[in-house]
Amino acid sequence: MKTIKTLREKKNTAILLIHCPDKQGILATVTEFLNKNKGNIIYLDQHVDRQEKIFYMRVEWELDGFAIPADKIGEYFETLIAAPLQMNWKLYFSDDTPRMALFVSKMPHCLFDILARYTAGEWDVEIPVIVSNHETLKPVAERFGIDFQYFPINRENKAEQEKAEFDLLKKYNIDFVVLARYMQILSEDFVKKYPNKIINIHHSFLPAFAGAKPYHAAHERGVKIIGATSHYVTSELDAGPIIEQDVTRCSHVDTVQKLVRKGRDLEKIVLSQAVYKHLQRKILVFKNRTVVFN
Amino acid sequence: MKTIKTLREKKNTAILLIHCPDKQGILATVTEFLNKNKGNIIYLDQHVDRQEKIFYMRVEWELDGFAIPADKIGEYFETLIAAPLQMNWKLYFSDDTPRMALFVSKMPHCLFDILARYTAGEWDVEIPVIVSNHETLKPVAERFGIDFQYFPINRENKAEQEKAEFDLLKKYNIDFVVLARYMQILSEDFVKKYPNKIINIHHSFLPAFAGAKPYHAAHERGVKIIGATSHYVTSELDAGPIIEQDVTRCSHVDTVQKLVRKGRDLEKIVLSQAVYKHLQRKILVFKNRTVVFN
Amino acid sequence: MKTIKTLREKKNTAILLIHCPDKQGILATVTEFLNKNKGNIIYLDQHVDRQEKIFYMRVEWELDGFAIPADKIGEYFETLIAAPLQMNWKLYFSDDTPRMALFVSKMPHCLFDILARYTAGEWDVEIPVIVSNHETLKPVAERFGIDFQYFPINRENKAEQEKAEFDLLKKYNIDFVVLARYMQILSEDFVKKYPNKIINIHHSFLPAFAGAKPYHAAHERGVKIIGATSHYVTSELDAGPIIEQDVTRCSHVDTVQKLVRKGRDLEKIVLSQAVYKHLQRKILVFKNRTVVFN
Amino acid sequence: MKTIKTLREKKNTAILLIHCPDKQGILATVTEFLNKNKGNIIYLDQHVDRQEKIFYMRVEWELDGFAIPADKIGEYFETLIAAPLQMNWKLYFSDDTPRMALFVSKMPHCLFDILARYTAGEWDVEIPVIVSNHETLKPVAERFGIDFQYFPINRENKAEQEKAEFDLLKKYNIDFVVLARYMQILSEDFVKKYPNKIINIHHSFLPAFAGAKPYHAAHERGVKIIGATSHYVTSELDAGPIIEQDVTRCSHVDTVQKLVRKGRDLEKIVLSQAVYKHLQRKILVFKNRTVVFN
C-alpha cells in the first residue's frame, strides 16, 4: 500500500548521540573534528546537566564531502575524541532505515495511527511484522499487507511464547518494538534484550495511575485533567524513562466511557510522537530519564 | 473491513435540538411534555444567551415506553409545544445512522484518521463514498473497501463536475459532507445545498491565516502557537461557524516543514472531534456561531 | 486600598445548589416552583450522574419580583420541594459577601495574586485576616491593610495554636479558609470544623507527587509536564476533592529550580480559579469528587 | 517593600547574544575563544536558520577567572571574532540590573502581577517609575512605593506629553518599557527611540483580532479558544515581533464579560513571561521574528 507520494526527503547524513562527564571544551572539540574533516553540520543541539555534571549532544552532518569514510567514522571518533573524553556515544546513518515490530492486543486506535503514518510515508521506518496475543486485529494487518503473528499467552506458555516472539524478531532483524496498547506484561528477560528499545504507551499521566484501569482510577479520584505517557519499557511496570506526555481536560460530566474515548486520541498521538523522536535518534537515556532533543 | 468489535452500544432514543426566543418556563414546558408522556430523559443540556435572548436546548430520551409513537413525535411536539413558543427544532432518532461523504485531495492524514475510527466502530456513521479531485488516495479507499470517485476540476468544468458530485451524493443518500483536506473551493451553489452540513478543516487558528498557505504565513509572522479549526462551510471562505479548534506550541526552531508536520496531528484530531459532535447531533448554529453541547 | 473601580455589578439573586437521588421530573418541579412564583431564572445548570443515579443542579434567580420573601425561601423550598424529593440543598444570596481567611507561610506568589484580585474588585469577598506560621509576609499584609496574625507552630503547641486560630476565625466570622502555600499540615480536628470550606493548592498534578517536595520528585521521575491542583482539604493529606488542575510543559533542560519557577505561575492561577468558583457557589461535593458548574 | 527574601542568586557572568551569516565553524570559534581564556560556560544555546542561513547564539560564562577584563571583552571579541565573521552581537553583564518603566491605564491586573514579582524578588530588575494616562492606578503605585507620573493625553498634547515622558525615562535611566495594558497608541517617533525595548501585551491571539476590542471580536466570530500575545512594539500596530503567546478554551456559554475575565489571567502571565525572557537577555530579533532561547 506504499503508493502515496513520500513526505520526506532523505539526506545522506551521520548522527552522533553523545553523553559524557562535562568539562570545558567538549563542544568545541567535537565541532572542530567535524569541521576539519569537511563535515557540514546540519543539526546541533547540546545540553549540560549542571547538577549531574553531564554533557549531552546530538550532532548531524552531511556525509557528502566528509573526509572520513562512513565505515571508519566510528573508529576514528572513538580513538581521537571519545576515548580521551570518556564519552558514551552512538553513531547512526540516515540511510539505515530502522525496523520496527508492533505488538498489539484488541484496541486498534494506536495501530491504525502508526500504520497510517507508515503508509503515508510520514516516517522513515520499516514495519515487517505485527505481533499479538489476540486475533482481533489480524484483518487490519492484512489490509495493510503486514505479516500478523498470533501468540496467545497464558501463565504456562509465557516463557515459551516470548522465546518464539524473540526468534521472530531476530528473523525480521527488528531494531525496536512498539507496544501499541499491548495488554500483556513482558517478562524481565524479554525486556532486557531490548534496553531502551521497547516503547510503550500508558493511558495515564504517569506516575499517576500506573498499572491497570487508569481511567477508572482517574474517574474515581475526580481529576480534572487526564493524560497519556509514552516511555521506554524497563523491568519495573510503568516506571521506565518517560519520552512524551500529553493531557486533556475532563470534568464531572465525563463517565469512565467518555474518558476512555477522550484518552484514545491522546494515546495515539503521544505514542506516535515518541516513536517519531526515536526514529530520528533524538532520544538519550540517562539515570531513567530521557533527554529528547528538539 | 468492519470486523473489529464495535465500541458503541446503541440505545433507541430520540433527540431534540431546540432554539427559540427566551422566556420563562420553556425548560419546564419541554421537560413536563416528556415526563408526562413517560419519556425517560437520559441527556439534557440547555443554555440561555442572555444578550441575544435566545434559549438553546438539547434533550435526549428513551423511545422505549414513550407514549407517543416515534413517527408522531414531530407533529405532536410542533402542535403542543413548538408553535406556541416559536421554536426552531430538529428531531433525530439514534437508530438513523447518518451517511457521510468524504472529499479529499492528496494528503491522507485526515482521511486515514476518519477511516480508522469508522473501521474501529468509534462512530455511528456510514461512509459509502470518497470523492476526490486527484487520484492519489484511490489506493487508500480501495484498501478500506469504499467507493472512490475521481472528479478532476478546472475552471471550465467546475460547474459540471459539481453537478455530477451532487448527483452522486443524492444517489448515495448522503446526509453530510466532510472535507478532509480537500484543496478545492466549493462553489456557492454547491455550499447552499448543504447548509451546516459540510464540515471543513482549516490548517490555522482562524480567523488568523485564512486562505492559502497558512503555515507559511504563520512562520513568516513568527507566531509561538499554531492551530487548526474545523467549521461548517459557508459561501465566504474560511468564515463559517467554528465547531472546534486546537493549538500546539512552536518556536523559532520550527521550519515551515516542521509546522506542517506538527499541524497534521492537530488537523486530524480537530476535524474528527467536529465530525463526532456533528454525528451526535450536539451542534446548533445561530448567527454564524455554534452552540456545541457537552 | 479598595480604591480601584469595581469590576463587578451585583445583582440581587438567590442561588440554590441541589443534589438528590435522580428520578423523573425533578428539573421540571424546581423550575416550575420558581416560575410560578415569578422568579426570573438567570442561570441554570444541571447534571445527572447516571452511574450513581444522582441529580445535581445549580439555579440562580432574581429576588426582585419573587413572590416568596427572601427569609422564607428556605422554609418553603424545604416543605414543598426538597423534603418530598429527599434533596440535599443549600441556599445562598448574592448580597451575602463571603468572608475568607488566608493562611500563608513564606512564599508570596499566591498571596499576592489573591490580594491583587481582591483589591482590583475581581472578586466579591471580604478578607479581614491573614494567618501565618512565619512572619515573612507580614509586610505584604500591612501594605494591603489587612490584619496579620502570627501563630508559630511546633509539635508541642500545635493543638493550642490551632485553637487560637479557630477563635480568631470565629471572631472574624470567617466562612472559608484558603491555604495559599501554607506549609503546615492542619490537624484532623481543625479540618473537620470546615468541611469543604478549606481550599488548598498542591504544587503537583495530583494524585502524582502527593506530599513533600513534588518538584524534586517530578524532576527525579523525568516527567514532561508538571501541574498544580487545588482541592478541598480533608483529613487525608492531598486526597480531598479536586476543584481545579492545570499543567505546563517541561523538559530535560529544566532544573528543579526552573520547575519551581514555572510552577509558581500555575499554582497561583489554579488556586485563584478554585477560589473564584467557590465564591460563585458553583461547587458541589459528592463522594470525594466535585461537580463544578460552568 | 522589598523585604521578602530574594528568590534569586546572582552569579557574576557575561552574556553574548550573537547573530550572523551561517558558515562552518562559528560555534567552535566562539567556544574556543571562551575556553582558551578560561571562561567557564554555564549556558550555551545556538540555532541555525537554514532557510535564511543565519546563525544565532546565546552564551553565558563566569567572569570569575576569565582572562580578559570585563571592560575589554567587547573590544577583544569585536576584533578577534565578530569582525571577521560579520557578527551582530550584544554583550551584557549579569550584575547590570535592567531598569524598567511601566506604562499603565486603568486595568490593574498586569501591573499587580509585575509588582508582585518585583517585590517578591522573582526578577532581577529595578522599576523606578510608573507612567499613566489616567490617575486610576496611582494608589497601587503608592502602596508599592513607586513614583507615579500622570500624563493625560489627547490629540493636541500628545507630541508634547510623549516628549515629557521621554525626558522622564531619560532622567530615570530607563532601559526598557513595559506596556501593562496601556490603552494609548505610542507615536512612531517614541517607538523608534526604543527599538525592541518596548514590550506590549495584546489581548488576543495575534494576528487574529489586532486592534481594538478583541474580546468582542472573538465573541462575535465564535472562536473556541482565546489568547494573549506579548510582542515588541513597532510602528505598525500589533504587528511587532511576537515574544510569547498563550491560549485558553472558551465556548458558547462565555459572554464577552467572561472572555474578558478569562483573558486577564492569560494577559498577565504572558506579559510577565515575556518580560522575564527579556530580563534574562534571551531574546534576539531578526526580520520581525524573535529567537527566544530556552
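Labels for the chains are A, B, C and D, by order of writing; each one numbers its residues from 1.
Just so it is clear, a residue touches a chain if its C-beta (ideal position, glycine included) is under 8 Å from a C-beta of that chain, and two chains touch if they have at least 3 such contacts.
Quick caveat, the model's predicted, so the values are computed rather than measured.
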Between A-D and A-C, the pair joined by more C-beta contacts: A-C
Reference chain D; chain at largest CA-centroid distance: B
Distance between chain centroids, defined by C-alpha means - chain A, chain C (Å): 42
Mean-CA-position distance for chain D and chain A (Å): 38
Overlap residues in chain B, where contacts from two or more other chains coincide: 50, 253
In the complex, chain A residues that touch chain B: 1, 3-5, 106, 108-109, 112-113, 116-117, 119-120, 122, 136-137, 139-140, 143-144, 253, 261, 264-265, 269, 272-273, 294
Complex interface listing, chain D residues touching chain A: 24-25, 27-28, 31-32, 35, 40-42, 44, 46, 48, 50, 249
Touch list for chain D against partner chain B, complex: 47, 49-51, 56, 205-209, 221-225, 227, 241-247, 251-253, 255-256, 288-292
